[in-house]
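The block underneath contains the structure these notes are about, expressed in structure tokens.
Order of writing sets the labels: A, B and C. Residues in every chain begin at 1.
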Amino acid sequence: MFSALANPLRFMAFSRWAAPLLGVLATGLIGSGLWLGLNAPPDYQQGETVKIMFIHVPAAWTSMLAYACLGGASFVSLVFRHALADAAAKAVAPLGAAFTAIALITGSLWGRPMWGAWWVWGDARLVSVLVLLLLFVGYMALRASIDDEARGARAAEILALVGLINLPIVKFSVEWWNTLHQGESIMRAGGSTLAPVYLTPLLLAGAGYAAAFGALWLERIRAEVWRRRATSLALRAALA
Amino acid sequence: MISALHIENLALQRGEKVLFRGVHFRVVAGEAMALTGPNGAGKTSLLRAVAGFIRPVSGRVVFEGADGPLPVDDARRAGCHLVGHQDGLKASRRAGDELIFQVRWCGGDSASALAAAEHMGLTRLLSLEVRVLSEGQRRRLALVRLIASPRPLWLLDEPLAPLDAASRSLFGAVMTRHLAGGGLIVAAVHDPLPLPARMVDISA
Amino acid sequence: MSVLTALLRRELALAWARGGGALLAVGFFVAATVMLPLALGPAPERLAAVSGGVTWVVLALASLLSLDRMFERDFEDGALDLLALGPLPLEMVSAAKCLAQWTVNGAPLAASAPFVAVALGARLTTAPMIFAAAALGGVAFAFLGGTGAALALASRRGGVLIAVVVLPLLTPPVIFGGAAVANFTAGLPWATAITLLAAYALACVALTPFAMAAACRNAQS
């Protein structure tokens, strides 16, 4: 399916209906997930504030999905020298950074009423997401600071792949670091077992976030393709 | 090693700007080719495309050996000298040390380096730091590795520009000897080379 | 003398830059560490508690700042083109540059680290571990930093851009090295941490040259 989409014209035709469709799907999934979640009984320890997890956790999942997509698009662009894949990589970075920021802000809001701190270093997922934000920022900074578009794209692709390979090790090291400092860290209520009544809305919200991410990504790729066409036309007119 | 260089319908692009299209020529052992054209026509880029730094939009660069086409990467890394506008000599190092490194890197040894430097009249400069040399002296130093580490294909970008008349005729003799020994030269020039060469205008 | 030896000798000479290279890195290391007691106050217990971690962080920063010109020197004057058309692939050239960087900057930094940590109040018995962690971590810093330097070539902007790009990638060695020192100081088992650090450093040595060579070729195109 992806090779069929590789043709820019076919991609534009596909995304024209796919993006709004995903948007509708996302609204439905997130809506139902949040409705179910907010109507679920409160947690015996955290009360109602635990429900912010329905916004926070899917955002964290989506931010990691976004980086995987960045790595994948960069790989395709690097190996197959495909301009559309490069446009996709460029488009996904700010989007991924945005989801990361949502995850971090909601994570902070979750921590404040519970433990009185605006930021909880003892949460391995939160720290991993923070490092992920830095990876996105590094990618965007590198791309933005290279004037030659083609060279900037390739350098950024290489960086994205280096980051992708490093990412599992980063996650492992942060989790390992967390277990080392177990005495000082703060365990999340509920730990690794999640009550089933929370699981369904969480998964719904997660699927909804993924659909929203897909819709937004497709729209951003379309915008990037249009921008490149416009720049190319303007340049050709100027040089003619 | 390389007995012929074949440029097949080469087209190069820098960003949005197409430099040239349909450049097509063949250089065989013992031949020199002069690339002409106005500034910005893409002469330097063509040389760099032959050396493998720039990927052509269309067309091919083929290195032919005695038994047919050679593997491109090996041909470039073992059979080509590229001497561009910059000489790659570090200002803070001694000229002799830099020269010996460059020659060794390209497959020669210190003995051939010193002999070649002698031939180009640079021996007394070798103990000086590169920063005190003039532009012409630096260019002559950069050209020494062509003699000291023999490789068949010479890609030269305006090699004689900073040289005085005496040095030009000296290097002209060096080039003639290289061709006589079965070498190939492709040079980007504004003025004619001091030896017989075919010309191709890139901007055409 | 083999070509690789000639290359290494040249890289070492260029990195050494008549002693300027190592002096700068160590100078920054010491100068930045001095800021800590000035900011925190002289209370020995407080300084001693953070001495290991702070030493480690400032070491990472000092490593980053001193690799600015690693590839840029050769890129600017055309030497990188010459290196690309030689007997060794660019991957090996990159690895040689990082090795020279580690020898000239990383090793002196590793040697200074115990002194700096002890000055901040760390116990003298922790000095060997601090040195070992700094030496191993320095390998990772040199190779990952080199990757950043090669990537930033096309931008002609070094320094902070390299740091922004490389710092998140340094998370694993910073965690492993910091844990090794902290556990050693506290008398807890430290072998896992130092092994993980060594494994990570080796992985960097094996893998990053490919990224560096690709980045160099991108800048040359």
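Assume a contact is a pair of C-beta atoms (placed from the backbone, for glycine too) under 8 Å apart; a residue touches a chain by one contact, two chains touch by 3 or more.
Treat the numbers as computed from the prediction; the structure is a model and nothing was measured.
Peer 1: Farthest chain from chain A, comparing Cα centres?
Peer 2: B
Peer 1: For which pair of chains is the number of C-beta contacts greatest?
Peer 2: The largest set of C-beta contacts joins the chains A-C.
Peer 1: When you average C-alpha coordinates per chain, which one falls nearest the overall C-alpha average? Tell me, please.
Peer 2: Central by C-alpha mean position: chain C.
Peer 1: Cα centroid separation between chain A and chain B, in whole Å?
Peer 2: Centre separation, chain A to chain B: 49 Å.
Peer 1: Whole-Å distance, chain A centre to chain C centre, using C-alpha means?
Peer 2: Each chain reduced to its C-alpha mean, chain A and chain C end up 31 Å apart.
Peer 1: Between chain B and chain C, what is the separation of their C-alpha centroids in Å?
Peer 2: Centres of chain B and chain C (C-alpha means) sit 37 Å apart.
Peer 1: Could you pull out the residues of chain A that touch at least 2 other chains?
Peer 2: If we look for residues of chain A contacting two or more partner chains, we find 148, 150.
Peer 1: Got the chain C residues that touch at least 2 other chains?
Peer 2: 221
Peer 1: If we count contacts the way the header does, which residues on chain A are in touch with chain C in the complex?
Peer 2: Chain A reaches chain C through residues 78, 131, 134-135, 137-138, 141-142, 145-148, 150-152, 154-155, 158-159, 161-163, 165-166, 169-170, 172-174, 176-177, 180.
Peer 1: Using the touch definition from the top, list the residues of chain B that touch chain C in their complex.
Peer 2: Residues 51-55, 76-78, 80-82, 84-90, 92-93, 97, 101-102, 104-107 of chain B touch chain C in their complex.
Peer 1: Quick check: in the complex, which residue numbers of chain C touch chain A?
Peer 2: Chain C residues touching chain A: 147, 151-155, 157, 161, 164-169, 171-172, 175-176, 179, 182-183, 196, 200, 207-208, 211, 214-215, 218-219, 221.
Peer 1: Could you list, by residue number, the parts of chain C that touch chain B in their complex?
Peer 2: It comes out as residues 1, 3, 6-7, 10, 13-14, 17-18, 73-74, 77-87, 89, 217, 220-221.
Peer 1: Which of the residues in chain B end up touching chain A in this complex?
Peer 2: On the chain B side, the touching residues are 15-17.
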